[in-house]
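Both complexes below contain subunit A, partnered by subunit B and then by subunit C.
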Partner chain A sequence: MAKVIKLRKGLDVNLKGKATKETATVNCPGEYALVPDDFTGVKPKVVCKEGDVVKAGDALFVDKLHPEVKFVSPVSGTVSLVERGDRRKLLSIRVKADGKQEAREFDTKGDVKTLMLESGLFAFLRQRPYDVVANPEDAPKAIFVSAFNSMPLSQDFEYVLEGQEAEFQAGLSALAKLAKVYLGVSAKQTAKALTEAKDCEVNIFDGPAPAGNVGVQINHVSPINKGEVVWTLGAEEVIFLGRLMKTGKVDFTRTIALAGSEVKAPKYYKVKVGQKLTTLLDGTINAEGARIISGNVMTGLKTTAEGFLGAHATEVNVIPEGDHADEMLGWIMPRFNTFSTHRSYFSWLFGKKKEYVFDARIKGGERHMIMSGEYDKVFPMDIYAGYLVKAIIAGDIDRQEALGIYEVAPEDFAIAEFVDSSKLELQRIVREGLDILRKENA
Partner chain B sequence: MNPIKKLFDNIHPYVEEGGKFHAFRSLVDGFETFAFVPNTTSRVGSVNIHDAIDSKRIMSFVVIALLPALLFGMFNVGYQNALACGGDMTDYVGMFLYGLLAVLPKIIVSYVVGLGIEFVVAQWKNEEIQEGYLVSGIIIPMIVPVTCPLWMLAVAVAFSVILAKEIFGGTGMNIFNPALIARAFLFFSYPTAMTGDATVWVAQDTIFGLGYKATDAYTAATPLGEAAVAGFQGFTPETIQDAVIGLVPGCIGETSVIAIALGGLLLLYTGIASWKIMLSVFVGGAATGYLMQALGLTEIQWYEQLVLGGFAFGAVFMATDPVTSCRTECGKYVYGLLIGFIAVLVRVLNPGYPEGMMLAILLLNLFASLIDYCFVQSNINMRAKRVSKK
Partner chain C sequence: MLLSTIKGDSNAAFIFFSCNNHNKLFRHIISQKTFFSWKNFWNVRFSFLFFVILWRENKHY
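Right, the complex of A and B next:
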C-alpha cells in the first residue's frame, strides 16, 4: 500500500466554472506556435527557416548551450513565421499546419534519453533547483511526476487518463530507465492506473492546494539538498512519452479543461500543444472584458484569443478582467460576494460549497510585508516562506541557499501570493531570484 | 458613471506627472484608493486572482477594535474630572461630552501631523500612502495622559513617524512600534508631563463650559503610582473592580479592561492579532506577578498586575503589532512571555517607574529579530544536517 502523506497547510478556493467531464473537439485553427519563453532557462537557437516544410517531431529550435535538447513542431506543415522582438529576442516560431499530420518516425529501441532528446520530449522535463528545462548532462537523483493539479479550475487528470492508461504506464516505465520515478497521487484519485502504477514509487497526498504541486511532493518525499538535481515531468507529458514509446511518433495532443466563470459551458477539449486559441474560444466564452489565461488561474499567463496554448498548459481559464469594477469603500463594506480567507470578510460563513466569481484585480496596493505567518499557512513545506522571500528581495544568496531556495519553484508560492494582504508579486520575485541564483552558480 | 469616480477622473490630469498640482498626487491617490478598490489588475506572470484582503481592511479593523477603549476613555476623562472637582456624578452624557472635547483635539493633532508627514514622504518617494499610521495615529492619543499639551504630542508624533518609521522605509520595515516610540519620547523628554507629581492624570479645567474646574491643584495617582509609594498595603477590591471597569486615573485609552477585551476579541476573531502573543503576554505577566508576590517583593497580586496600568492595552494592541513582533510562530510564545515577564519585573523592582509595559514591549521589539533568528536558524541547521548526512 502506498504511503499516505497528510498535508494540513494550504487553501482550496472554490471558483465558478469548473469543467464538466465531457470532451469536445475543436476545429483545427491552422496555426501553431512554439514559444521559447514557455521553456524557462533556455537560450533558443533557431534551426529552421520561414518556408521550411516540417513534420511533427522535427526540431524548430534548440538550446544554444545544449544543442542536443530539441524543441520540435507539434504538427506537420510549413514554418510561417519566426517572430522576433526587441534585440532580436525569439518570441515564437509559427507553423502553418497542412492538416495531414505527418510525423517523423523515431527508433524506440535505443537509449531512452537519446530518444527523448531527439523527439523533443526532453524539453518538457524540468529540473529543481531553479525550475528550468532539465540539463541532459545531469544525473538526477529522481524524477517526480504529480498525477494531480490541486489548483482551482484545473484539469482533472484522472478523467484525462481514461483510455490512455497503457500509454501512461509505458511513459512511466520509460522514465524509470533514467532515474527512480516517484508518482504523487491525490487521495481522491482511485484509478488503478495511478494507485497501482508500476516502475515507480506511489505516494498519496491528502490535503488542500498546493498539495498537487510537484515541489510540495518532493519536499515531503525526498527533499532536495544543495548539489542534488531532481527532474519533474507533467502527468500528461508522461502520456506523450508513452505514445512515443508505443508508436515511434510524437503526438502532443492534450485534453485541456476550458474553465472559468466567463466560459459558457466549461468542459474538456482535445487540442495540441501550441495550438492557436481562436477556434477553441470562438463562441464558447463571453469575450467582452474577459481575461484569457493560458494555463491555470493561479499560475498561468494572460493571453488573448489570438494567443497560443502554452507548452505546459493543461487548462485554459477565462475570468473577468474587472478593470472597470469601481467597487466603492472596499475597506469597510461587508462585500458578501467576495471571497477572502480573512475573517474581516464573511465568506467563511457561506461554507466551502459556495462558488465565487473572481476577476483579475489585485484588490489593494502593494505594501511591504506587514502581517506575519500569512504565507506559512498555505505553504506546506518545512521552509520559512516569508524569510525566503525576504532573502530573495535582499539578494542575499547565502541565506537563500540556507533557507531552501533549491526546493522551490514560483508555482509553489501561488497560493501564498493569492492570500497575501501586502499584495507582493511572490511568483515574480521567486522567479527572478532563481534566475539570479542560477547565473551566479553557473 | 459614479459621480465620485467622475470627480477623481477629472482631477487625475492635474496631479499626474507634469500636471499643475503634481505635488498633491499622493494625497489624491490616498483618497481615491479609500473611495474605490483599485482597478489595477494583476500583471502577466503573477497570480491572476487575489484574495480581497488588503492592508486597508486590516488597519481599519484595528481602528474599529480600538474604538470601545477610546470611547470609554473619553467617558472616563469626564468621570475623573467630575470626581476630582466634586461635580455631578450622575451626568454621564456631560462626562462623555467633556471627555470627547478633551480627547478629540489630540486625535486631530496626531492624525494631521502624522498623516501629513506620511503624505509628504509618499509624494517624495513616489509611492502609495501606507495605512499603518491610521492605527498608530489613534493609539498615540490613547496612551498619553489627558493633560498632555498638544504641542508635545505634535513633536512626539513627528519624532516617531520620521525617526522610528520612515527612515527605516515605512510600515512593515520599522523595528520599533511607532506609537510606543512617541510615548517613550514624551516619557523621557517631558517626564513631568507624563508622570510628574501625579497631577497629570485628571483634567482639571472646564472646556467650553463643560466639566468642572478644580479649586486647588488636585493630585490623583494611578493605582500603580499609589502602589509605588512606601507603606502600601495592597489594593482594596473596589480599586480592582474600578480598574476592570476602567474608572481609575490613567492614560486615556488604557484604563478599562472590559473595553480593551472587546477590541481584543475582534482582533482575535479576525485573526489580525496573534493569539499566541496575546496569551503568552498575559501568562508571562501572571507568572512573574505570582512569583514576585510569593517572594514578598510586592503587595500587588498577580491578577492585579494584569488589570492595572497599561498591561492589558499593551498586551492586546501593542505587543501584537505584526511588524515589530516575532514573525516565527514559536518565536511568538517566547516574545509574549518575555514581555509579560519584563513588564512586571520593571514594575516591581524599579522604584523609578511604576509602569513597565512600554519599556518591556520596546525592549522585546529590539529582541524580536534575535528570537526569530534562533528559530529560523534551527530550520537552516536541519537543512544543513541533511546535506552532511549524505
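Right, the complex of A and C next:
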C-alpha cells in the first residue's frame, strides 16, 4: 500500500478555461526550435551548421562542460537557422521539418545512462540542488517523478497517460536501473498504471498546490542534505524514455493542454517539443490583448504566437493582458468576481468552486518585504520561505545553506509569488540565488 | 526566467480590507514609504493614515 502524505499548506486557484478531455492533432510541418535557455545551467556548443540535414535524435548542440550531454532534434529536416544574440549567445537552433519524421536508431540493449546521453533524453533530467540539467558524472541518491501538476490550468497527466501505460512503465523500469525511483501520485488519481506502478516507490500526495511540485515531494519523502544529489524527470518525459526503450527511436510527442480564459475551446493537442506555436494558436484563441504563456500561468514564460513550445512545457496558457481594464473606483470597489487570498473581496462567499478570470496585471508596485508569514501559509515544505528569500537577497550563503536552499527550485515559490502582497519576483530571486551558489561551490 | 503571470490581491486591497490580522496590517502600513517613522506612527490617527495610503496606492493600481 502506497504511503499517503497529507499536505495542509498551499493554495488552489480556480481559473476559468480548463482544458476539456478531448485531444486534437495539429499540422506538423513547419519550423521547430530547440532553445538552450530551456535547459538551465548548460553552456551550449553548436555541433551542426545551417543547411545540415538531420534526423530526429541527431544532436544540434552539446554542453560545453559535459560534451556527452546531447540536445537533439525533435524532428527530421534541415537546420534552417542558428540564431545568436548579443555577444554571440546562442538563442535557438531551428529545424525546418521535412514531414517524413525519419528517426535515428539507437541500441536499447546497452547501458541506460549511455543510451539516454546519446538520444538526448538525459538533457531532460534535472538535478537538485540548483535545479539545473543533471551532471552525468554524479551518482544520484534517487530519481523523483511527479505524476501530477497541481498548478491552475495545468495538464491532467492521468488523461495524457491513457493508451501510453506500457511506455510509462517501461520508462520507470529503465530509470530504476540508474537509481531508486520515487513516483509522486495525487490522491485524486486512480489509474492503475500510476498507483500500482512497478520498479518504483509510489507515494500519494493529498493537498492543494504546489503538492504536485517535485521539490515538495522530495522534501517530504527524502530531503536532500549537503553533498547529496537527486535527479528529477517530468512524467511525460518518462513516456519519451519508454518509447525509446520499446522502439529504439526518439519521439518527443507531448499531449499539451491549451487552456485559459482567452482560448475559444480549451482542449488537449498532440504536439512535438519545440513546435512553433502558430500551428497551435491559429484561430483557437482571441488573439487581441492576450498574454500567451509557454508553460503554466504560475511558472511559464511569456511568449508570442510566433514563439516555440518550451522543452519542459506541458501546457500553453492564454489569459487577458489586462491593458485596458478600467474599473470604477479601482481596487477600493467591493466586488464578487475577483479572487482574493485574504478575503479582501466578498468572492469567498461563493466557495471554492467558483472560477475566476485573471489577467496579467501586477496590481500594485514592489514594496518592502514584510515578515508576516504570508509565504509560509502556502509553502508546504519544512523551510522558512521568507527567511530564505531574505538570505538570498542579502547574499548570505551560510544562512541560505542552513535554511535549506539545496532543496528548492524557483517553481516551488510560484504560489508564494502569487500571494505576495509586496509583489516581489520570488522565482527570479531564487533562480539568481541558486546560480550564485552554484558558481561559489564549483 | 520563471515568473508568475497572475498575481493575487493588490497591495492596497490587501492592506485596506484584510484587517483580520492587525499585526500584519501594521507592519504593512509602516513599510510604506511615508514620512512617518515607527515612533511617530502611534501619534497619527488611523483615518489620516488610510487616506495617505489610499492616495499612494491608487497611483500604483
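Assume the second predicted complex is superposed on the first by the 433 of 442 C-alpha atoms of A that agree within 3 Å, B and C clash if a C-alpha of one lies under 4 Å from a C-alpha of the other, contacts with A are read in each partner's own complex, and residues count from 1 in each chain.
Throughout what follows, a residue touches a chain if its C-beta (ideal position, glycine included) is under 8 Å from a C-beta of that chain, and two chains touch if they have at least 3 such contacts.
Just so we're clear, the structure is a prediction, and the values are computed from it rather than from any experiment.
Look at subunit A after the overlay: subunit B and subunit C clash there.
When the two complexes are overlaid on their common chain A, residue A:D251 makes contact with neither subunit B nor subunit C. With both structures placed on the common chain, the touch criterion links A:E31 to neither subunit B nor subunit C.
The wider contact with subunit A, measured as residues touched, comes from B rather than the other of subunit B and subunit C.
By the touch criterion defined above, A:D63 reaches neither subunit B nor subunit C.
In the superposed model, A:Y387 lies in contact with subunit B only, and not with subunit C.
In the superposed model, A:E158 makes contact with neither subunit B nor subunit C. Of the two partner chains placed around the shared chain by superposition, subunit B is the only one that A:K226 touches, whereas subunit C remains out of contact.
When both complexes are overlaid on chain A, the residue A:F418 reaches subunit B and subunit C alike. Only one of the subunit B stretches 4-12, 40-48 or 202-210 carries C-alpha atoms that clash with subunit C in the superposed arrangement, namely 40-48.
On subunit A, the surface patch touched by subunit B in one complex and by subunit C in the other comprises residues 13, 15, 291, 293, 297-302, 317, 319, 330-332, 339-345, 358-365, 367-368, 370-373, 414, 417-423, 425, 427-428, 431. Taken together, the subunit A residues at the contact with subunit B in this complex read 13, 15, 223, 225-227, 291, 293, 297-302, 317, 319, 321-332, 335, 338-345, 358-373, 376, 382-384, 386-387, 402-404, 414, 417-423, 425-428, 431. Against subunit C, in their complex, subunit A makes its touches with residues 13, 15, 291, 293, 297-302, 317, 319, 330-332, 339-345, 358-365, 367-368, 370-374, 410-411, 414, 417-423, 425, 427-428, 431.
Every residue of subunit C that touches subunit A in the complex is listed here, in rising order: 1-18, 20-21, 23-24, 27-28, 31-32, 54, 57-58, 60-61.
Of all residues in subunit B, only 2, 4-5, 33-58, 60-61, 128, 130, 132, 169-173, 269-272, 274, 322-323, 325-329, 376, 379-380, 382-384, 386-387, 390 touch subunit A in the complex they form.
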